[in-house]
Amino acid sequence: MPNLTAATALSDSEEIRTADPAVSIQGLYKQYGNGPTVLNNINLEIAEDDFIGLIGPSGCGKSTLLKLLGGLESKTKGDIQFLTQQTSPRPKMGFVFQDANLMPWLTVIANVMLPLELNGASKQEAERKAIQLIEMVGLGHVKNHYPRQLSGGMRMRASIARALTIEPQLLLLDEPFGALDEMTRDDLNEELLKLKQLQAWVGVFVTHSVTEAVFLSSRVLVMSANPGEIYREIPIDLPFPRTSETRNLPEFQQKVVEVSQTLHELRNLA
Amino acid sequence: MNATVSRIFPPAIVGVSLIAIWYLVIYLFDIPIFQLPAPHDIIEAGSQEQSTLISGALQTTLACLIGFFTSLLGGVLISVLLAYSSWAYKGFYPYILLLKMMPVIVLAPIIILWFGQGLASITVITFLICFFPIVANTTMGLCSTDKNLVDVFRVYNSSARDEMLKLRIPYAMPYFLTGLKVAAALTPIGALYGDTVAGMGSGSDAGLGFVVVVFSSQLKIPALYAAAFTACFIGFLFVSLVNILHWRLLHKWHDSYAQSN
Amino acid sequence: DGPQLEKVLLMTDWYPQPEHGGFYQALAKGYYEQEGLEVEIRSGANMRDIRSPVALGQVDFAIGTSDTTLIGIGRGLPLVGLFPYFQHDPQCVMFHPENNVETLNDLDGRTVMLQSSLSYTEYMTKTLGIKMNLIPLDFSLARFATDKDFIQQCFVTSEPIHLANQGVEAQVILLSESGFDPYRHIFTSQQTLQQRPEVAAAFKRASIKGWQEFVEGDPAPALTLINQLNPQQTPELMAKTLRAIKQYRLVKGNDAQGDQLGQYQATRLQAQYEQLNKLGLLDLPVSWDSSFQY
Amino acid sequence: MNATVSRIFPPAIVGVSLIAIWYLVIYLFDIPIFQLPAPHDIIEAGSQEQSTLISGALQTTLACLIGFFTSLLGGVLISVLLAYSSWAYKGFYPYILLLKMMPVIVLAPIIILWFGQGLASITVITFLICFFPIVANTTMGLCSTDKNLVDVFRVYNSSARDEMLKLRIPYAMPYFLTGLKVAAALTPIGALYGDTVAGMGSGSDAGLGFVVVVFSSQLKIPALYAAAFTACFIGFLFVSLVNILHWRLLHKWHDSYAQSN
Amino acid sequence: MPNLTAATALSDSEEIRTADPAVSIQGLYKQYGNGPTVLNNINLEIAEDDFIGLIGPSGCGKSTLLKLLGGLESKTKGDIQFLTQQTSPRPKMGFVFQDANLMPWLTVIANVMLPLELNGASKQEAERKAIQLIEMVGLGHVKNHYPRQLSGGMRMRASIARALTIEPQLLLLDEPFGALDEMTRDDLNEELLKLKQLQAWVGVFVTHSVTEAVFLSSRVLVMSANPGEIYREIPIDLPFPRTSETRNLPEFQQKVVEVSQTLHELRNLA
């Protein structure tokens, strides 16, 4: 069950963070092998407090864009710059993949601890943080299970917990809540926004849910397909912090309609 | 209990049938003892030559142990090296193959020249025979790692060392263990061959390979078979060791055990 | 075409070489054909025993030594010695001149590469009390060539020549000097002998004729044939081997001691039987008398 | 072109260094030709003995071909049988292991008694040495099939035959090919050993194993190395064959090639 | 792009079907190993023209129930009977798994043809049917690609096409449209209903989308977790055929509200 105290307690061990990576994408192109152009001239500035929602038809290149940001695919042309204060060339990242991608030989807790361990944290500290996040995503009762003993939604939640343990500077989420029921999804949406304030990451996420996009984002980018382009940018100027009440605001509903209409418009073009 | 029965029953049935066929063949075709001794001849010869067999087996087991574990260690190290660096892979793999395919018959005299007659050379010969299955399997396993899982490690800025230790090696486990099983089965062959070319021929230093040659040239055919089964028994020990390891490492998560849960 | 020839298979103990010269001479000169035989000479290799295939009737005649035949009979194999073609065994030990070996007794306490199965080994250790540290024979000369302390078994007609060709000097002592002195001979199975006695006799006659001519006549036909079959045997090499065969009088033996080409001596056979028996190498009771054709 | 360079460059560098070290060792430690001939000695001896080597190589290649393909066929058939029926697996696997571990030194005389001297026996010996890596790897591959994919086949009421042919076998491919690679590298060893114990020693029937024994007993050490490298070359042919097969079968979908796209 | 004619053309080759399997589940229990009870006394009759929507929190046992129906897991207790007219003990089934589960060594079209080939169809016929369904799910342009060259949503669509090629008598779908954008999802929902009429299967599907559940189902079953039970059955008596207009009917909205409220009610119980 979602757990407020867990989220609040999370960054107490951390020094006060002034890390403010921002990202600048210029003229980005992507082609797999010599297939068709998947991403076509993507230009995007991500500010320090942005949480960007990507929405668009299946196969338009959302995952590809996220992977390029994460350094997991090589770009064909263009430039991605992290304007971070750190010496390291890339910011500390968290990535929730479209598939859960858990290590089958590790239990839930070991999977969640993994990023911290890879970054040199002590086992003890890793375990403490991992347990907090496992509780947050409601998997406390199965923390010693192996991935194949979990349901699909549980695997995705473990994957979300894993991405958050390292308190990333840049958080990339590829349909993180797609396999969850609406209740759990809404709860986790709220938890995520709380964490954002505590951990202060810059985020980009992919979703197919318009309400989720509006609820979480500072800006929604609607993408069009073949080749993948940013069709329209819709700023969501709803005040933070957003809570379950936000969903009932008329401005919220208005934004939802705006995004939906953009998607319809896009579809009728095709 | 039922599980134990279903585990023991099939090999027992097959074993009994094989022995029955064995006797049948001997009596039907009137096969002389020097062509194919009957099981009871072998048991009798085995108990007669007991002390020779046991001291030979101990000596050979020692060579097997050292050869097996050095090839385990060496094989894994080489595989890891090859998987680390594509340069090392391209540069060295052909020569490892070359070494592998160099007939032992040719290498044996050189090995003896360098390592002297006795245990060291036998161990090296065993090593040469065992290590390639381990290298080939482990390298294949290390290179087959699920791209998606590699991505996870890349995102979290994993060091190459952690990627190897925490991702590629666990992922390669099923491959590695298969290679290990092949190596375990090859171990006694390596040690026996080593015995015949580099072993000592007298006293308690004489391994099973030497015993085999002596029995064979003295036409003690039933005793020869007894020696062969003793060698098999050593092999079984190693393979069982690997099987236990296999079960311990994989049964919790790997699909080869998925049915049993 | 002449009359139907009887097919016969002779299995040797090594690849074609002048040590088998008499048989190739008989083959090349057609002596077997004259006896109504069509002989195939097949080279047996080093690492396996020829006695079982003979006992099973898969091979008609094979090369062996009189002691191993006796041991085989003692293990229940229905074998019988037909005729000796070397009166004395060319097996010896070789060593470097620096090694101060004068007699076989000097091997005491040394490491020697010997075929573990040799009755000589048993005889020297058990009967003569020479304690050697044995290592198994691998038929390679590399170690001998590089290690001045190395002592190994050899054929007097072969290894020393190969070594000399590479500039390595080897000294030899015949193992038969130990007092254990078997024949190198042709053996067959009792079944073959009983069912086809005239074939055995014909084979013996033609072979002896071949050997006689090989050492005292013109050996060229045999040598040419061997070189064809095994080009590794060059004419120069074979000439040296042939010289050694003659020098050690392997084929004809020592007239003074009653040796005669193709004939066993009962006294020698009996002595061998007793030596083997004492060493415990004969499992079943063996009648040395009926184990050989003489 | 760049790809070709990066493929050829590393092994070339390593090869040249190895040869340099080789010469260095010989000259520094003054090693006699019998102990370790220099590369140019080997090449010279190889060209001198050219015709013997070529006819031996042809004969051995024939034995390798038959042994390799029968072990391929036999290994796959046995693996499929073992994967089909857990009864067969439990019943027969221990005895296959037994057969595997029976030292060839012991089995060889029996094989010759049963199959006669010559190609048939050599082939059987090669088969015995090669088929276990194939069986062990293929069986492991067939049993590791992703449970989720098995479920797909179960839902669609697949026959056991289709499940084997269209699921388990493709899934086991990477394992199978690894086993095949190990077997390919073992093939010349099997054939050479077979040659020395069961081969013909004359004329064009004489395999490379014969050549090796003769050179070794005649102290033609450089020629011996030339024969050994000839044997390696045969092994390379087989391994290359398997590598090509590997690439053709896997590059489109398997993670071991994921990087290259 | 969704394609009407494809769906309409699909069953022309088929004889007139009177196959009407119905399913009866009685007192079904499921436990994995000696873990906790996952499914607790499930009783359910599925009629000949039912299309049942399962909805419930993550980990409540939806996938498990589907797998039991599909014969992929063994039940701990209870009974599942297929009251089919056929001699075969189980009806012809199609199953869309929660993960796409495509064969990585087969192209899209070969994956889609697979069930037909396993059922002995000729290659030609299999190819013809497969291409129709691939067009329907909008993958015509990538039909010769391998799974790893597809986006997540494309893989799921291939998997849907695969389940439909054999014209099943019982169709089981585990969150089939979860990875798709709303437009594609709505289109495929409509296509699916058309196919249901043509192919006349009995269907059970899992979804986390309340509107999807209402749109597709003849009955919605709301499941509760720990242990998994059927909390409430909500019949959806909207007329068939349902089209995009159906979504605008007030009865439709009413049903959506009813299901949502049930889910909230359920949550407040926990």
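When the chains are written out, they are named A, B, C, D and E in that same order, and each has its own residue count from 1.
Rule of thumb we're sticking to: a residue touches a chain if its C-beta (ideal position, glycine included) is under 8 Å from a C-beta of that chain, and two chains touch if they have at least 3 such contacts.
Since the model is a prediction, treat every value here as computed from it, not as a measurement.
The fewest steps needed to get from chain C to chain E, moving only between touching chains, is 2. Shared contact partners of chain B and chain C, listed by label: D. Averaged C-alpha coordinates give centres for chain B and chain D that are 16 Å from one another.
Mean C-alpha position of chain A lies 86 Å from that of chain C. Chain C and chain D have CA centres that are 37 Å apart.
One inter-chain figure worth recording: chain B and chain E are separated by 50 Å, centre to centre, where each centre is the mean of the chain's CA atoms.
Annotation for chain B: residues touching 2 or more other chains are 35, 109-110, 113, 147, 196, 213, 216, 254, 258. Residues of chain A in contact with at least two other chains: 32, 99, 148.
The set of chain C residues touching two or more other chains comprises 49, 52, 56, 138, 140, 142, 146. Every residue of chain D that touches chain C in the complex is listed here, in rising order: 32, 34-35, 51-52, 108-109, 112-113, 116-117, 196-203, 206, 210, 213-219, 221. The touching residues of chain D, counted against chain B in their complex, run 6-7, 9-11, 13-15, 18, 35-36, 87-88, 90-95, 97-98, 100-107, 109-110, 113, 132-133, 136-137, 140, 143-147, 174-175, 177-179, 181-182, 185, 188-189, 192-193, 196, 209, 212-213, 216, 224-225, 227-228, 231-232, 235-236, 239, 254-256, 258. Those residues of chain E lying in contact with chain A across their complex are 1, 32, 35, 55-59, 62-64, 98-99, 149-154, 157, 174-175, 178-185, 208-210, 260, 263-264, 267, 270. Per the touch definition, chain C reaches chain B in the complex via residues 49, 51-52, 55-56, 71-72, 75-77, 111, 114-117, 132-136, 138, 140, 142-143, 146, 281. Chain B meets chain A in the complex at residues 148-149, 151-159, 162, 166-167, 170-171, 173, 252-254, 258.
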